[in-house]
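Next come two complexes, and both contain chain A; in the first it sits with chain B, in the second with chain C.
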Partner chain A sequence: MRDSYAGRLQRRATTRRPLLHTSYRSDMALLNTRAKRYAVLALLLVGMSLPFLLPDAFLTELAGGSAYAIGAIGLMLLTGFAGQISLGHAFFAGVGFYTAAVISGDPDGRALGFGVTEILIWLPAAGLVAAAAGALVAPLATRLRGLYLAIVTLGLVFVGERVFAQWSAVTGGGSAGRPPPTVRLFGYRLDADGAFTKPQQLFWLMLVLLVVFAVVARNLARSNVGRAFTAIRDRDIAAGVIGVNLTKQKTVAFAISSFYAGCAGALFYTTVLNVNPNQFNLFLSVLFIVMVLIGGVGTISGAIAGAFLIALLPRFTDALAEWLPFISTRPQDVLNDSVTRFVLYGLLIIGFLLFEPRGLVGIWSRIRNWWTTFPFSY
Partner chain B sequence: MTKLLEAFADGLGRGSVYALIALGFVIIYKSSRVISFAQPGFMIAGVVLVTYLVQVSWLGFFGAMLLGAVLIGLLALGIERAVIRPMIGRPIFAIAIITIGLDIVLRTVAHAYIGPLVRHVGDPWGTSQLHLGSVRMDQRHLAAVVTATVLVLLLFGFFRYTRMGLAMRAVAEDQEAALAQGVSVGAVFALSWALAGGLAAVAGSFAAAGVSVDNTFWPVALYALPVIILGGLDSLPGAVLAGLVIGVLRSLADAYVDDLSWLGENPSLIVPWLVMMLVLVVRPYGLFGTREVERV
Partner chain C sequence: MTTTILTAAVTTTTLATRVAGWADRHPGRVAMRHKHLGIWQEVTWASYWDTAQTVAHGLLDLGIEPGDRVAIHSENRPEWLFTDVATVAVRAATVGLYPTNPPAEVSHLLSHSGAKLLVAEDQEQVDKALAVLDKCPDLAHIVYLEPRGIRSSRQAATGYPRLLGWPELLARGAAHRAAHPDALPARMAAATGEDVATLIYTSGTTGPPKGAMLSVANVEFAIATHRTGEGFADPAPGPYDLLLSYLPLCHVVERTFTTWFNAGSGSQVNFAESIATVPQNLAEVQPTILFSVPRIWEKLLAGVQIRLAHASWPKRLAAGFWLRRAGRIGDTLVRTGGRHTLASRLVYGIGWVCWFRALRVRLGLRRVRAAVSGAAPIAPEVLKFFMGIGVPMFEAYGMTENAAIATANRPGRIRLGTVGEPLGAAEVRIDPHSSEILTRHPGVFTGYFRDPAATANVLTADGWLRTGDIGEWVDGTHVRITDRAKDIIITAGGKNVAPSELENALKTSPYVKEVVVIGDRRPYLTALVGIELDTVGDWAQRRRIDFTTYRDLSTKPEVVELVASLVDDVNQRFAAAEQIKRFRLLPKELDHEDGELTGTQKVKRAAIAERFVDLIDDLYGKPAR
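So, the complex of A and B:
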């Protein structure tokens, strides 16, 4: 079949006319142009070689960014594709984190633990328990719409924060906290210095997992489930009329999104030594929303870009505090670096929504279009 | 019995504060169909402003509160004009998220001005109490109830008897029809934000009476969220009533904490949210909210 006329035409089309799709297959392809294929390959190669180029502190931030990105992809599926506004993402991340921490925790430790440190066991378990929690919340979501749902999921975060703080057998209690899950892959310890340093190993792990989760999400988005999600987002009544089962699809959306959140929660804190239950608060939920919005609603790559921007923002504000003499690093001053960072979070949300509603992806596509049509950029 | 009555009196005081903040949410929602998550930001900004204004000796607590409410109202009006107005016609969700961004900015700046120590609004009541027979009630709670009653009556009069109030009700009913009748919808939006900001500042001042203001003070305003859901997003009487209900429920949970030990320590922190979820399962549009009729 490769040398059939259609096949040749298609190959010509992908090389000469990138937007001319002559078959359903090429229309649905994940990487539909040759340039995209090379760009993604190059990006992956650069990503994999970063541990040799960057200092460990930077790698830890990037590893955290990858974990954030997994969570942001989950929220993107729920909010960006299915249109269900959830401020409860932090709660599901917390459920995932504590599942993983309990499974892999030290059996003789202060908090409950079963000592199964294999990541291939605790990571899926974290996702599944979080997904179950999401499916439990879904009945509320199927009855509510829009901002009512946002407020209910916000309530979920508050209730969850209290539960985490109270349930000290699992969480170590409000003031002490507990250590994060131990990471072993096929018996090899990743979160301690081995053949490479801890940040290097964790960075590779998170990058690989991010690629896996992102590809799964992209595939989901272009399948019948993803189309049902977008139909619900654009007009849920119309979607119901053309035969989308609203209750089922919203439940699926919540479950999948919570699965991603649970995995992100379990992974994100592997870089730190101790986790306090008040980490899983409203602010974390808002951060996830910010990542989705800044990245660009309705695109998986947007979620990833937004997550890395948010993860690297502290570094940016630190640098800003160094350049600009009026931003102090002393916490007792009114304009210090942490104030600058939070104000920047807020201004980024406002600025992007006002001036670039399509987010980072929108900026990128504008740059790309300018070059594609280069001398005639109007 | 005394315990019950005291919890009730305490709850009415708390509830008046929630009712005032919730009224702000509902006024904005009615005019523009947006839930403004910036209300906690306006509240804490108002409180911090009042703690500074009260240091001007001739203003006093009430003068500082009034001036603070007016200034926060003007701030809210300016923010609406600069940030929210350009978003008209865009998805409601996007506007709601912008208000979250506003909240983060307002709250961060206000917290920066609190500084490392706690601040006080300098209210005349402190923790002194009033004896009604065997029942004791905090004076600050009585003051909150009285102020809330006065403000609710003023608002009622404003909506019922003034031209601008009529315009606001018309916009709440149908924006386009109101526009066609010559109502300045933009002015209505601006006024609703100013009202909400001012109410939040007043409510915050009373919430801060007798306690100290620090970085953990702002979640008081978040209890207005279960209130508006309970009362229905577009019902002003619902907001007042639900505010009092939530306030009383929290105080009851505090008073009978031993009987609620299965909810963990401090059950009053989560009782409002649990009540909200229960109500939503039964009545998705709250107790007094209008059921939305969808057209395709």
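So, the complex of A and C:
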């Protein structure tokens, strides 16, 4: 009796002292404070209840944002953690999309299709094929670094865009395009109105997948693979000297990053009706880079924050057009809302790189540090 | 009489039986933690006692007999406690050596104590012992804890066969334990209260260190006093108390807080990684009872001041506001003896939410319920600051020779500037002629090891211990210490001055690390001042004063001016004859290894007077020699 009481007091000794880590497990815990645990729980609850609170159009944008976020996490692993600058992300997204579209496509349709609509089959397949493509490209990265690698991956996008436009059996051709993959989960159709509307169902799907992909990436980042990535980013020669297998790790980085890109590509377009092959162009690659930069290089949460900011930017420019009369919504005007959006992308990149190089996450950590160091400044 | 009952009761138990008792009653509870590869590894009572038994068998196997001495030369770590408890279990006495002891002192301590076995932490300490091997004929074995640099080279190069690794000791112990399982219980059963449990060498501000013999009964009296809540922590320490162990364990006070609190009351010991990491370790462990020497409290205070000065302006604004409130709260608490008034409690409550809580979490003092300062006099301003921010501070007084049991301030009855009231069953008396403080209780030591003359000097026939400290009663209940008897300065003008008052007043400043007031048989008082490198360096950098080394910094005219202004401030609080007329800055940081400080960082006045004779001559206008 006495022992259990004192035992409780002793357990409290460690639970009430967040810095007193008595095991490696508690030292490495992702949600290491009570505040973090509650915040993440609240965020998930809010996320899961959003379909009841927001209009369908908004949900579609958020679902797209989640798919973007998965792609951005992939690029974050490659660029933010392993330091390999890649402009080829759109190409891998395309590979993933067409893999999924072909597997789940209508066998009687205009473009090639096998009619396997189960997402548990076509999503991993999309990821794996993209990962294989990534692994094929990876040897280039072991020979090149920095700007040269960026140029080579840029070439990849151009080649991809050409192939996608010409290979009409798969892609439906440059002008026509093809429908996105059909989404069935255990036989239940998600991309058509059922018990809930299509945007509601897709939003839930994307949110759950985003959480899964993000947790996997976060765990990867704190494992030996993640540490090898960071070592390569900080100085690849030094990493090689301390025993990191550069060829292997860079290949792993490209493969995993491409897996994420492939899944993101397959998922993103499920909300639309028809996809044109010129979607997978340089602009999409740059968009992913923007997400990573604005979100905050080197953090998974940064990739997610950046992706949602970019996904919701059109909504913001539309609102801006309502408030500022000189921004027109007609496409033929010089300063229309789509131009404003591009200008904003540019301004955001310049602004963040100049004033907040650590991105949205940097702003947050600055706020948090202000309070965690209170009443001192360090 | 309380005292006789205690003596009778404690003869049956020792540190070892106490640890065995905890292991028996609460085997799974945490006894101690130490940090290894970033993780606080926990040691339960069961494994504590199990390892201690194995070590004890190892000691038996190596031929340690009752009454032998086992020396430990290591930083604080679990092995220190394993060895200490094992040594007591085999009825031998533990001798602690300061990790900073230079080889000459190691030689003196090892040869004087006649230690048969030395547990040395690493190559550095093993080398010190190997260098003086020929002066220590009794030393039969050296056990090292960290094999790095020893295993391959040392053993081969020295050809010294009696060098053992810690695992070897454990292996010998395990084999002995399997062969003679009854050897240790038999040895323990024969223990008496008169057995010498530990030999604690006084730090020796004057002359070579003397080894004070504390018997098992002495230690048990100290433990009993603390267990009743009449010691340094009230309510008494318990299994839910966490302590940080970082001061040298060979000092009586750290032994009290680490070993005796642990074995006596079951409190959890957390070993700091090193003295340099104490601020971080404090923040991690958030101890509930914290003992420190004035030097550390001053450093904590200076750290707060520097970090607040560097904070961004909204934080500085908040700090300024709440520090003023803390000053007022401190004043109130000093007036009431540590009891809050309604107004001060209200202000502190609001401040707790807004500022004090965060500050205390950063400092690692959030959960401290008893903060004790001792081992040297502390400036009242430092105590008042910590009381103001809500840390219950108690100044205590004791010495090796009375097992650190003499006086302490008690909750609600604090008197600033005094060292408090007699503890528990301790009798304290002040000699009416010499004003010397005398104590008498069952914790008073049995004598100095191999030095009956010195023992006769401090122990009177009727059992009183002459502490050598000059004091007076305040209101008949609290003791105020004027100074060490030997340190009192009598100026050429015949004025008696207690240098520690002046020195502590000056050391309140974060810029001052050491002060040595000089003036015995001199026309006026002078001082040698050592600056604090961190704070003064920071101060200089912010004024764009370039400097390279400590010596360079202390010769900068701006720095001299800074110290001069501090000295002027302090002088205004003293009568003309007690003012510091001139001062010089010390050209180097005082160091134990250079023989200027003791192991407890106390200044050796004689050594300073000798080493800096040029500076002192200069102060009194004599031509430099």
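Keep in mind that, in the parts below, the second predicted complex is superposed on the first by the 347 of 378 C-alpha atoms of A that agree within 3 Å, B and C clash if a C-alpha of one lies under 4 Å from a C-alpha of the other, contacts with A are read in each partner's own complex, and residues count from 1 in each chain.
One rule holds for everything that comes next: a residue touches a chain if its C-beta (ideal position, glycine included) is under 8 Å from a C-beta of that chain, and two chains touch if they have at least 3 such contacts.
Note that the coordinates shown come from a computational prediction; the quantities given were computed from them, not determined experimentally.
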Q.
Looking at A:57, would you say it contacts chain B, chain C, both, or neither? Reply first, second, both or neither.
A. neither
Q.
Is A:367 touching anything from chain B or chain C once the two structures are fitted on A? First, second, both or neither.
A. neither
Partner touching more residues of chain A, chain B vs chain C, is chain B
| Does chain B (first) or chain C (second) touch A:212, or do both, or does neither? | neither
- [ ] Please work out whether A:375 is in contact with chain B alone, chain C alone, both, or neither, and reply first, second, both or neither.
- [x] second
Exercise for review: Scan A:324 for contacts with chain B and chain C and give back first, second, both or neither.
Suggested key: neither
In the superposed arrangement, does A:163 touch chain B (first), chain C (second), both or neither? first
For A:21 in the superposed arrangement: first (chain B), second (chain C), both or neither? second
Q: Please work out whether A:154 is in contact with chain B alone, chain C alone, both, or neither, and reply first, second, both or neither.
A: first
Note: in the complex, chain A contacts chain C through residues 3, 6-7, 9-10, 12-13, 17, 19-24, 27, 373-378
Per the touch rule above, chain C residues touching chain A in the complex are 25-26, 28-30, 33, 38-42, 239-240, 242, 268, 283-286, 307-308, 310-312, 315, 318-319, 322, 355, 358-359, 362
Counting only contacts in the complex, chain A reaches chain B at residues 85, 139-140, 143-144, 146-148, 150-152, 154-156, 158-159, 162-163, 166, 235, 237-238, 241, 286, 289-290, 293, 331-332, 334-336, 339, 342-343, 345-350, 353-354, 357
As the complex stands, chain B meets chain A at residues 34-35, 83, 86-87, 90, 92-94, 96-98, 100-105, 108-109, 111-113, 115-116, 222, 225-226, 228-229, 233, 264-266, 269-270, 273-274, 276-277, 280-281, 284-285, 294, 296
